[in-house]
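One structure follows; several queries about it will come next.
Chain lettering (A, B, C, D, E and F) follows the sequence in which the chains are written, and residue indices restart at 1 in each chain.
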Amino acid sequence: MTLTELANPTRFLSLATRILPWLAMATGILLAIGLYQSAMAPDDYQQGATVKIMFIHVPNAWLSMFVWGVMSVASLGTLVWRHPLADVAAKAAAPIGAAFTFLALVTGSLWGRPMWGTYWEWDARLTSVLILFLMYLGLIALWRAVEDPSRAARAAAVLTLVGAINIPIIKFSVDWWNTLHQPASVMKMGGSSLDKSFLIPLLVMAVAFSLLFITLHLAAMRNEILRRRLRALQMLQASKPVALP
Amino acid sequence: MALGPYASFIVTSYALVAAVVLILIVWIAIDHRRVRARLHELESSGAARRSGRGATDLT
Amino acid sequence: MSALGALIRRDIRIAVRVGGGALIGVLFFLTVVVLMPFALGPDLALLARLGPAILWLGALLASLLTLDRLFTADHDDGSLDLILMSRTPLELACAAKALAHWLAAGVPLIAATPVLGLLLNLDGPATLAVALTLLAGTPALTFTGMIGAALAVTLQRGGLLLAVLVLPLSIPVLIFGVAASNAAIAGQLSFSTPFSILCALSLASLVIGPFAAAASLRHGLD
Amino acid sequence: MSALGALIRRDIRIAVRVGGGALIGVLFFLTVVVLMPFALGPDLALLARLGPAILWLGALLASLLTLDRLFTADHDDGSLDLILMSRTPLELACAAKALAHWLAAGVPLIAATPVLGLLLNLDGPATLAVALTLLAGTPALTFTGMIGAALAVTLQRGGLLLAVLVLPLSIPVLIFGVAASNAAIAGQLSFSTPFSILCALSLASLVIGPFAAAASLRHGLD
Amino acid sequence: MRLSGRNLRCLRGGREVFAGLDFDATAGKAVAVIGPNGAGKTSLLRLIAGLLAPAEGSIALEGGDGEMTVAELAHYLGHRDAMKPALTVTENLTFWADFLGGTPADPATCIAAVGLSHAAALPAGFLSAGQRRRLSIARLLTVRRPIWLLDEPTAALDLASQRVFAGLMTDHLASGGLVIAATHGPLGIPARELRIGGEA
Amino acid sequence: MRLSGRNLRCLRGGREVFAGLDFDATAGKAVAVIGPNGAGKTSLLRLIAGLLAPAEGSIALEGGDGEMTVAELAHYLGHRDAMKPALTVTENLTFWADFLGGTPADPATCIAAVGLSHAAALPAGFLSAGQRRRLSIARLLTVRRPIWLLDEPTAALDLASQRVFAGLMTDHLASGGLVIAATHGPLGIPARELRIGGEA
């Protein structure tokens, strides 16, 4: 199946419906493994048991940025190729991304309380993630406020691309400004500095959450395509002018 | 598995993640049901799609 | 580039003649500053310490107030159609409009800072420093806000939605503007780092703003 | 009275559809509050102290952002002509429009205060007190702002010289609103004095606003 | 019913538009106000509607409801259509029916009368120029007002709609109504001419 | 010069307005687009002007300046007049002359050509409907553009101005220009008809 065929909404719909159960299953299994491993992971000599928060905090934090990346690619599709499937992908991703960002914020501050002695600190990393969250909310508001989906899609695409500037700022904020937050230790040049006993559960959880995102995203895209069909049908009923007598 | 003095923080964060993920799943499922129900409604009221296929056909 | 010159002259002339936005912006700015002593109580030292932040907040909110009809007014009377059709690249036309807006609405704000500095108990050099940072930073506010103004046309929406979309984009400007002003006043921190970041933000927005606004207008055609 | 009901319903419906409704109001307020720490620095005690002022500024901004086109929009599309000609007294129609505006733009903000109170580190009773002052005071912002909105129609040209006179009218409201909130939070100062002044201001504006606006619209006929 | 003006003088922006103008309009007979651009046709209609104050002269209504002013007994159809783009056709019309008061007709039948039924659920902002004009005309039908003040009512209407509109005006006149219409083209019904400002 | 469209399909707000539309316009010959309200006349003009994107089909220009798009070679006269009420007639026109570029004609002569000289110093907001229309027409004269896209250009014009405007169009066609006008009434010059959407 070629990419152009895939980009046909009907084709996409049937494909998504076929692979969704498998994806859901894989997600469930991997999540179970990841959770088991994180439960079994040893305590950190500095952080104690709170290091367990890492296994959910870090995947959520990564995904919060990754989802914006997905939306940015979709936005290019909207603006350059004007492809309706790109609109659908961008719209469906926003609430999921917002949820991950919210979780990154909450788990982070729940970790921050024992580690730094405060839930919240206005430093660059935390602040830029909060801005990301606000931008997710703004995008969702935009999608909801405008009925005409293609109109909303183009506006949202411009905004998404402008907001993408925030992603490198989040990623590198810990290097550019000295903050409370940890610098990157897993994904950095020259290999990971994390111990294997933490690294493996973390990576399993990260993959599991990514699968979770893909599953949810496909399902939400399917809903969105159906919603557009619904709208098109309603529009069809409402058009067809009648000439005056 | 001993969680130490900060057990409540750890448990809360895991519980929150579970809750939010569950909400997402439920929301998407309900959304799916609702949209399909309304499509069925429209179809049975006679607004057929041009392609002749049912609008709610997924495969 | 007489076309762009004409556009800038027209927009400034309208702003001056109608008053409208720019004036309300300055007034709002004043209101914010006047309100602060009442909110904080008569602690003069605290007022002086918060002065730059208050001025920056006022400037940010005032620019929000005046920006939302930047393109909508032209859309409603049909001018935008002709601007889109013209031989002038849309990006440049957008930039010219934003520049005109900044000249008509931003510069008066900067000109008003010395007066407001007095109210906030800032001394001469501090006021000057804040004015300087405003001069360097308010273009960024205008040029990012412009994106929201263009979205207003595409979305046929206005009001608070735009503020919600635009404000997160302007947060970095606010952070570095305040940081630079505080550095200049306190003296010990480095002024040049945040100030150069501020200038960089302004320059970046000078490029990104017109492109994003033009893209939004072009794709919003209907 | 069904005419006034229809007017209120219409205006609210447009506000919700165009402005995005209550959700966006809340989001806007949230953004403004989140903005503060960026400007003022992360000092929680200071933030809590400034909390009421921030909330009040947000309310003022939200009402200003949407108020300026309250009558201009109706004038531009010809609705105002029909409202002027109708059998409904113009004062009542003006009051209905302002009420609709307050319901659509003010009430969501008040409903959002508990959330924001959390962010600003206010405790339960304090949040409630601030919400109460907003409930008592925001009508005054709307009903004095309405005069400016009506003048904007009348004074198509010649600048908004009179608007200069209107925005300052809202300063007393802000001052007493913030004072009442601070009193409620600090606990030691008297809450009832500023609060009753606030209520008095609101009541006075409820009467003066519609009359002034209607007079301005009637004499602005052209 | 009889509406008349005597010795009317109109100032706009400090300049005199017309002076010494007399007019008479009686129930059952349409008056077509004609004249070159800028002669003051729109200004005259707005004077009658009470949207402008005459600098001199007066307007009198005989046989109306004693309590009501001319404005309150009149429908005014101007260049601007008084419809909100964000609301649907039905919502717009329902609003005016409710706001104008009295015993409003069913909005759906008014919409059908101008041939907009298929667009009833569309936002008014989606309508074409002629469709918007038809929607404004539908407003005249929602609430009965004896006096119709029409400013170039047939602009942007296609020929079929012009015929339909002529029929609506005829019905209104037949039911004892009064029509004053400013126009450059033919109105579609017999009308007495009121000329302002010389030949066009 | 020759402008043609093939198999054009237009969608607005998700609804199809027309499909499979062909048109041809040649220099020296006016095309009158006619059809009932909502048929898509305005939409067609906006498609040609590049203000809407066609959902299908294409528009081609032969014999134009190779570098320029149709939009850059066209004047568009829409329902909205693109004039700022706060600026005077002269200021408005001077702005468009400067902004549209090329070698602008003297604004004063353009204003005189449409008979607005007496109002040259008035704010555009003071003009009557027909006077505003004339001002828009003056814009067509400030800068030479070979293609004129006119949307109901004679609406609100009095008979004398309609004649003047017919003369202006004739001059434009004689100098090798191209006119496409949507209209319900007579255009005042001989024109080939392009019918959209059946009988009106």
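Basically, a contact is a pair of C-beta atoms (placed from the backbone, for glycine too) under 8 Å apart; a residue touches a chain by one contact, two chains touch by 3 or more.
None of the values given here were measured: they were computed from a predicted structure.
Set side by side, the interfaces A-D and C-F show unequal numbers of C-beta pairs in contact, with more at C-F.
When the CA atoms of subunit C are superposed on subunit D, the rotation angle comes to 175 degrees (nearest 5). Centre to centre, using the average C-alpha position, subunit B and subunit D are separated by 39 Å. Subunit A and subunit E, compared by their mean Cα positions, are separated by 56 Å. One finds 54 Å separating the Cα centroids of subunit B and subunit E. Residues of subunit A in contact with two or more other chains: 127, 134, 137-138, 141, 145, 236, 238-239, 241, 243-244. Of all residues in subunit F, those that touch two or more other chains are 12-13, 36, 38, 79, 86, 199. Counting partner chains per residue, subunit C has residues 17-18, 76, 156-157, 161, 164, 167-168, 171, 175, 222 touching two or more of them. Interface of subunit F with subunit C (complex): residues 12-13, 49-53, 68, 71-72, 74, 76, 78-84, 86-87, 91, 94-96, 98-101.
Against subunit F, in their complex, subunit A makes its touches with residues 148, 150, 231-232, 235-236, 238-239, 241, 243-244. Here subunit A touches subunit B in the complex through residues 10, 13-14, 17-18, 39-40, 43, 48-50, 52-53, 56-57, 60, 95-96, 99, 102-103, 106-107, 110-111, 113-114, 212, 216, 219-220, 222-223, 226-227, 229-230, 233-234, 236-237, going by the rule given at the top.
Contact residues of subunit D toward subunit A in the complex are 20-21, 23-24, 27, 30-31, 34, 37-38, 41-42.
Residues 2-3, 5-7, 9-10, 13-14, 17-18, 76-79, 81-88, 221-222 of subunit D are the ones that touch subunit E when the two sit in their complex.
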